[in-house]
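Okay, so chain A shows up in both of these, paired with chain B first and chain C after.
Moving on, here comes the complex of A and B:
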């Protein structure tokens, strides 16, 4: 079959065994790749009793049939594991070059299990894999280890952890190609728990395409649409993702000072527009991406570095009450080099700031203290002082100091930039997201703020669940392909389905692709239910449910979660407790789970 | 009780469909999906002048009392929701597009916008072109691969995430057909300006 690599590479770091075996092609048809395939493999490999930081947890790196074909944004890859931060099923995906290079080695998935006695790294050259001694790289920062292991943009690509992952911080990221992140949920700690410092890939296999003419047409049309969309051809290339800062602030939905406020007086100073006028050197792109949203910024302390993205500028900016872009760029760089998820790191700092201001923690941290960002991040990475507790993420930190309600998280994962009191659908999305509070599971920004594909009323309650569900299913499908969600700002789902059909030779109608996303969503739900989660976990921090937003156009609103959630369960075909019904599972070909 | 915001959405789009000659006084219908329910225009209501009580809520998968009040095209709307990811459906009678549907099996636009957005609009034929299960299945099946289709001699069905979306495809189709008609009247050789346009009829 074309599109897929039909082999899995399975490495056990405890025994040192390296195996390959065929990919189950029926599983591939149903779950495609990336998040879907990784989640399905994880279901079989990691049961509910497994401690995420034990040798029994696994890391599953996956690509998809489109990966490496040169279809727009087909550079991405995914990691699936059980999250040490939330205890939920976790997937995270990342761009750059590493994913395309993994596809070139000839494998559809790389499974890493067990725990090595000593630090090691994995090297995959073509189809040959080996386990190498990592004594010389253990302890190094991300930029150092990436260089030392021979990162070469298009030929040899390095994925690794930094000190945060080595020290098992539950908000540690896995980094690839230097400054790209598999950010959310603490996969870096899982890698650290295995004594695995890095994975280096080199390959040269090409992905075969079933219908080259049809594929070529879809590439051409996609390029045309991305070039025609002002978002993908102007806003993102010129200002990066931080172009959202003012837009979200203007509607009163920019979480500020640990969600105590919903508008930030310093938004303009940390916006994409300001970044472009000050520290931006140039833009850049992942492999096969025409959008070029990557920022290359420069400060006196950092030199030329990637970022910051919108969520990072928000996390260390509005959420911490900091309007100092230079300090934010430095914090972003430090997170990348130490190996932290920037959203969770910034939000944990914000949580510590509120705990300190309320006298619950003895620390100098206060909202606006940009001067303390760098030292705080270093303390978190190396687990010094208050950093010992902060490395555990905001929920465990706030609980430790007697105020768990001050952690702005869902299922333990820190929330993104949006204050859902001003975006009701986003509130439902964050409450129901399978890996915890994450906007990338079905972002309602398009419908509720940007008007993509059309603007709906952001305060509407009735009927909101339908939009959230469709977005969640669509995003699960895109994550399984594995493509960048920014393409969907210019291109509709039907293009992805047609491209998938052209590449694989299997006819996926748009509805088939969305159904695949629904299958993935329900699989993840089943995983979490099996792990002990219940409908009680589908909630938001009490602040957002009970304290009316104080500012601007959202003033007076709380999230009306209960009616939306009730409607959501029903519309999903789940029972009143949020459990998928047998009929729904049969419809999705998930009956055997 | 149907949210006032939802009513406003129906009212504005219904008014515009009528104002643009896309429907007759009582023709056409609109619906949105709310989970396992559908909100649809009342049978016999004027889309161009909808009142709050002209919207009916009923189940997608089975009948309830709402079916007694809903549009005669409820069946096709329900079938579309069962067979596609649509959250909104717009059915109207775009006159120029209907005229073209009488003499061809697909409409391939020649103007820039519709070429970008639609590429090709298939035309479905059904003997009883209104309210039958056969017609509903044919329309829904075609909409699995296209966001708008024509029912020969009857009108268009379009789908979207929002009513705006579905309405947009309908008005784009009619605009494209009017341009094709005008180009025919001008009757001068067509100068192809679109790269790879030969692939549109395979879309």
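Moving on, here comes the complex of A and C:
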């Protein structure tokens, strides 16, 4: 079959063995690549009893058949592992250049297992892989190690961890190409636990395409559609993702001060519009992406750096009660250089601020204290003072100080910017997300706020589950291709199916894509059930279920989760306890699991 | 007369962040704005793919059914061009 690299590279850092073996092509057909393929491989490799920070956990880096073909946004790649933050199945994906370069080496997946005695890095040149001594880079920050190991545009690309990953922070990210992140869930700590500092890739193989003429036509059509959509041709390139700040705030759904409020008086000051007027230098793009949503900002302290994205501007902004964009840009840069997930880091700082204000923690942290952001992040990365506990993420932090209810997280993963009291469907989506609270597993923003493809009542309870499920399945499919979700703002799922068919020679219909997404979702659910999660974990912080929203148009609302959850399980074809039925598993070709 | 707030590319089109606009309902307000800023109509887009988001006092308006709701001096109308993010 074309499209896929049909080989897996498997490196055991304990023994030093480096093996290659064929990719199971039936598995590839069913799960395609990225999140789907990584999750399926993880099912076989990491059982329920495995400690995520032990040598028995693995890191699985995957690409997909479209990766590196130059189809729009085909730069992305994925990592799958068992999360040290949530204990769930975890995948995270990232853009930039590294994923395209991994594809050029000729491998569909790189599996890293075991633990090296001393710090090492992996170098893959073409199909040749080697394990190298990392004594000179261990301890360095992300920008330093990326430069030292020879990052070179689209010829040689570096993926690494920073001090946060080395110190096993459960909210540490894996960084690639300097300032891109496999952000959520603590994969950086897994890499740190293996004494693995970096993975450097250089390749020159081209992806073989089954029907080049049909593929070229799809690239042409997709380019036209993305250029015609004001979302991908105007809003994202000109203002970046932070353009959502004012809208989400004005409808009363912007989580503020650790979700104590749902509107932020400083939203305009941290918005995409203000960023464009002040610190923005230019926009930029990942490999093969015409959208150019990346922000390049500059402050006196940082020089020219990437970001901030909407979620980051929110996490260090509204969530911490900080309306200082300069401080947010600096915190964003510091997170990238130390190797933190910005959402979890910002939300953990916000949690510490509330714990301090309530007298549960002895610290100077208070909402609005922008002056403490940098030193707090340094303390978290190097585990100093309160940073020892904060490096564990907000849930363990809040539990440590006797108030776990003050962690705004689901299954231990910190929530994104939306206050679901003002978006009921978003509440269901976050509660049921397989890797914990995450807006990238599906997002009800389109339906509940933007009216895309149609506007539905954001406070409605009944009937929400079917929209949530469609969103989750569709996103799982895009994550398995692996493409950027922003393409779907200009291009329908049908185009992805036609492009995948042209590249692989297998005929995928639109319905096959959604079914593939559903298969991935159910696989992830089975993984979590096997790890001991139950329907009781499909919930939200008690604040959002019991404390009415205090502000604006959402005032008085809590999330009415219970009825939505019952409807969701039924609509998923699961039993009343949220367990997929044998019929559902047979329908999805998951019977063997 | 209600206050109309502009966002994102609409600030570039209108050159303003806010404006007091005469009109008894949303339809009249938008007609007045479209007359003053001829490019505005293009932002309304195409239902199902992208469109302007209108928020009146925090309530998201469905343009297919609510363009005739009355507005007054006390009202704040936010107009967002098609935007995206996550």
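Assume the second predicted complex is superposed on the first by the 593 of 593 C-alpha atoms of A that agree within 3 Å, B and C clash if a C-alpha of one lies under 4 Å from a C-alpha of the other, contacts with A are read in each partner's own complex, and residues count from 1 in each chain.
Assume a residue touches a chain if its C-beta (ideal position, glycine included) is under 8 Å from a C-beta of that chain, and two chains touch if they have at least 3 such contacts.
Not measured: the values here are computed from a predicted model.
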item	value
Touched partner set for A:466, first chain B, second chain C, both or neither	first
Which superposed partner A:238 touches (first chain B, second chain C, both, neither)	second
Chain B versus chain C as contact partner of A:220, first or second or both or neither	first
Partner chain(s) touched by A:453 [first = chain B, second = chain C, both, neither]	both
Chain B versus chain C as contact partner of A:483, first or second or both or neither	neither
Contacts of A:571 with chain B and chain C, given as first, second, both or neither	first
Touching partner for A:172 - first (chain B), second (chain C), both, neither	neither
Touching partner for A:439 - first (chain B), second (chain C), both, neither	second
Chain B and chain C footprints on chain A, overlapping residues	453-455
Touching residues on chain A, where the partner in the complex is chain B	213-214, 217, 220-221, 224-225, 228, 447, 453-457, 459-463, 465-467, 469-470, 473-474, 492-494, 498, 509-511, 514-515, 567-568, 570-573
Sites on chain C touched by chain A in the complex	7-9, 11, 43, 45, 47-51, 53, 55, 57-60, 62, 78, 80-86
Residues of chain A that touch chain C when the two form their complex	229-232, 234-236, 238-244, 246-247, 250-252, 272-273, 310-311, 439-440, 443, 445, 449-455, 458, 485-486, 489, 552-554
Complex interface listing, chain B residues touching chain A	2-3, 5-6, 32-36, 39, 83-85, 87, 116, 119, 144-145, 147, 160-162, 164-165, 168, 195-196, 199, 202-203
